[in-house]
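Each chain gets a letter, A, B and C, in the order it is written, and its residues are counted from 1.
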Amino acid sequence: MNKGKKQSNLEERIEGIKLLRPSLHGKDFLLTWEKSDEDLKTVLEVASVLKEMRAANISPRVFDSGLAISNFRDNSTRTRFSFASASNLLGLAVQDLDEEKSQIAHGETVRETANMISFLSDFIGIRDDIFLGEGNKYMREVGVVLDEGFENGVLPVRPGIVNLQCDMDHPTQSMADLMHLLSVFGSADNLSGKKLVMSWAYSPSYGKPMSVPQGIIALMSRFGMNIELAYPEGYNLIPGIVELAEKNTLASGGSFSVSHSMEEAMKDADIVYPKSWAPYHIMQQRTGLLQKADRNGLKELEQVCLANNAKFRDWEFDDDKLKLTRNGSALYMHCLPADISGISCERGEVSASTFERYRIETYREAGFKPYVIAAMMLTNRFENPGEVLSAIMQRNRGRVGVN
Amino acid sequence: MNKGKKQSNLEERIEGIKLLRPSLHGKDFLLTWEKSDEDLKTVLEVASVLKEMRAANISPRVFDSGLAISNFRDNSTRTRFSFASASNLLGLAVQDLDEEKSQIAHGETVRETANMISFLSDFIGIRDDIFLGEGNKYMREVGVVLDEGFENGVLPVRPGIVNLQCDMDHPTQSMADLMHLLSVFGSADNLSGKKLVMSWAYSPSYGKPMSVPQGIIALMSRFGMNIELAYPEGYNLIPGIVELAEKNTLASGGSFSVSHSMEEAMKDADIVYPKSWAPYHIMQQRTGLLQKADRNGLKELEQVCLANNAKFRDWEFDDDKLKLTRNGSALYMHCLPADISGISCERGEVSASTFERYRIETYREAGFKPYVIAAMMLTNRFENPGEVLSAIMQRNRGRVGVN
Amino acid sequence: MNKGKKQSNLEERIEGIKLLRPSLHGKDFLLTWEKSDEDLKTVLEVASVLKEMRAANISPRVFDSGLAISNFRDNSTRTRFSFASASNLLGLAVQDLDEEKSQIAHGETVRETANMISFLSDFIGIRDDIFLGEGNKYMREVGVVLDEGFENGVLPVRPGIVNLQCDMDHPTQSMADLMHLLSVFGSADNLSGKKLVMSWAYSPSYGKPMSVPQGIIALMSRFGMNIELAYPEGYNLIPGIVELAEKNTLASGGSFSVSHSMEEAMKDADIVYPKSWAPYHIMQQRTGLLQKADRNGLKELEQVCLANNAKFRDWEFDDDKLKLTRNGSALYMHCLPADISGISCERGEVSASTFERYRIETYREAGFKPYVIAAMMLTNRFENPGEVLSAIMQRNRGRVGVN
């Protein structure tokens, strides 16, 4: 009976998906702000249904064969496994493309490689977050090449591209974070009016991408929340994306502010996301130095940057700062791994006791990512994802068991 | 007709499995000595049935999707391929976790990583055999973390852990070796009263784990055999495991002895397992030095150890020693690769002509490992493995062919 | 209706395959010149049907589980992905064997490793093209070992070997190139009388294998074409293979000539394949130096070789040379990646504008390779590939979708 109820609930939700009118079919997922509200809602709903199916031992496999290429131009464990999990859930085998990480490939190399790896591929997941102004551009370049290959009969299918983190956005992270918020607060409506603080936090490391904070403010600003972006002076993000977030809040009935005190920002916050990043102007200089392969320049810049970071060692999220939040119990979020004081480093983004309170929550937060990626794939490949999910329910094949 | 007979034989054996009462369901497989006789019998029988099914082109696939994580903290080709084969046979895709090999991870890193890789994973196979006192401990730490993740709703399934070699035991090896013995001698009853010599053998290398000899004496001592453990003075194993083996032989009606002459030990042996290992006290010192990252200390220890090994160059298993065994034709065993004199090294564990006599046998011995691992997985995931195997027979899907 | 027509066309072609009498079943694919015309025709037809099936969303999966081992003893992206794609299309999971690239393994290491990785494997794809006289020999050594393992009950199935490039031939490349020719010219009959120029071209790199030009002249000479092999004096290929190509042309009604001027060769050519390679005598010296690990010798040889190459910088295929060909529009071919002047190097095998004319064509050419490999696998494993393809049509399972 319990199972029957769960399934009828699933079927209801799938009916809801059928009413949505996304335009995700055949489109790459590169930036959340290129996607309509209907698009985002569809991805979130499909992700949520896939998660429940998996839990109910219903296999949502829709590929009998096919490759998903993972192209990580920067290190990753979490996202790599999420991509592998999503691909596998839908029936695709992952094949890694090992490009040299420090290389900015353009032109013929990209054109050729993108075609050569895609003859029997359905998706390419790309992480390219090191060079400012390059990562997202690279993904688009690959997209144009794949279009050309498909139009000219080189490729039987146009593989979809999933942005697994670039210099601008980290959409699989921000969408997983949003799923987490929806799960904690119950609905999108409940997010309206909440205060979310995206705050810089101290870290003894250097060169952390800006894509997470940028992705968070650009996405969360669309739900009527009051977004506060806090960072020490000088640690600003890409200006255009901050402007976009501001516009979003106005349009969605929320507000947007920038401040330069972690304490001030935390006051009455409902949701806090303390996370380190390297400042925009540093990332600009770093990109220039990397492109010139100026090793000494890079070393110097690292020293300057670390010395500057050190002035803001008090930007650690700890129990005292937690007390300042709404009822002293704001939801703490992090994309992981966090720099935890006394654990992963002497002093970092978050105190050990504060992190421990939310540790399991951050794991749950991360657990949405495989389903977000799978939903991006499913909605890219199928025009009517709701119909596909219905067919999966009908087929009723167990993920585990003798079918 | 022949095929009909084979299948009815398979079905009979599956009926036998249904009568067993193992408690393997949901339990990690970390040490054979934590498992009951019924547990071991179940794994062996399931492995044997899976092997016959594969040979009869019956696909035992029970996962429509799912990941099996391989976490090799030491090099491996044989076990890596066995794990990949077992996972694939059951329908799981292998995803490698590349941790730095020399690193002893604990605490938050283990907690976080174990959860992050497990959202859609069914099994984690771990090899961690370098640090004495650490490998098995690490696996248990991962297990506790996975329990926590599952209980807190982070993980939809509690992934099972398979020990692919640790500092204490190498259960997939010893169980495969046992399957080989059963296949050569016909039954467990026939092993009773046989003399098995687990002997140290000379090798020009240093730091070989003790897990194989320890695993062999701890497991084979449960079948009424007369176990003789032979090694040059000073090359002893972890004392607690030797005591355990001794107790086992008493309980099973066999005997246990330690000797310090290869020749003496080989007399009237039915089964011989000549294999090099580093002594317990060396492994203790080595672990300490590794933990301090004391490179010079490690180099010195290696010199001392190799110089000591060199005193026992006559601990080579050759045709003369073979002649001393029962009818001059004991069964020679090795986990491979063997250090073969004149082939893989100037002088090693076994002479070239002796090894050649048994070469094909050692390959057969190794061939049981994929099925042992698959059986560990199947019995972990399903409460009634016999019922599952019956359902697989009923389904009758070919592994190769157009189904 | 259109789809109905396509399918009936597919079924007709499959009926045609049933009439062929290849002897590919259970045989490794190591050199095209060991295969009969009927063998080659079967592989090409099966490949072509698989390609159409894929395009028509018909899944040709014939393995419910099984491993395909990729053993790349030299770098590769294109062929690695082609092998992965072919394996995946048929239902096999790829497992990489990471052997040290510079090592010439023989004897016990080969015997043991080949068995250890093959317990549940169906195919081993090998690239071994660095050492002259070694690569193909290594593949045969592996084959003998696998025969032994299978005959002795070590292996339940004798894995098939696919040559993914050796010192002598590159059959998956040449067969894909042939499929491209058939697709461009319409039929094998139409190739008769055509002039194909396999020409050396300038490259600023050193040590490129001879397997592509050798594979091309050995295969294309079997179709009544007039083959011209052009290279600067001294850049000859393995003599025996050139003799073989000459014999083939005589038998097939074509002609064979060798010339030492790119311009002369290009006159009235229908098909041109300008591609760099290292001369036979250099590869001989290089192999000797590599075997002795003579680093200084290798450096010197590289200098000598590059200096010699530099004398032939005018061996670039450009628009002027293209004008010399039949109607100024011969089909340009390349195995990719090409050394493109001003793009991948200052000056290379082909001018940028000439390459750009044919860029998409070269991508299409490469796109046949996954299907050629899949066809080699299918015809190795199944005695009646036509029957298998019929059964796949009957089953009518979608590659993408909810089956």
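The rule we apply is simple: a residue touches a chain if its C-beta (ideal position, glycine included) is under 8 Å from a C-beta of that chain, and two chains touch if they have at least 3 such contacts.
Please read all numbers here as calculations on a predicted model, not as lab measurements.
To fit its Cα atoms onto chain B, chain A must turn through 120 degrees, a value rounded to the nearest 5.
In the contact between chain B and chain C, the residue numbers used by both copies make up under half of all numbers at that interface. With each centre defined as the average position of its C-alpha atoms, the distance from chain B to chain C rounds to 41 Å. Across the assembly, chain A contributes 93 as residues in contact with two or more other chains.
Of all the residues in chain A, the ones that touch chain B in their complex are 54-55, 59, 61, 77-78, 81-82, 84-85, 88-91, 93-94, 336-337, 340, 343-344, 359-360, 363-364, 366-367, 369-370, 397-403. Looking at the complex, you find that chain B touches chain A at residues 62-67, 93, 95, 97, 107-109, 111-113, 115-117, 119-122, 148-149, 152-156, 381, 388, 391-392, 394-395.
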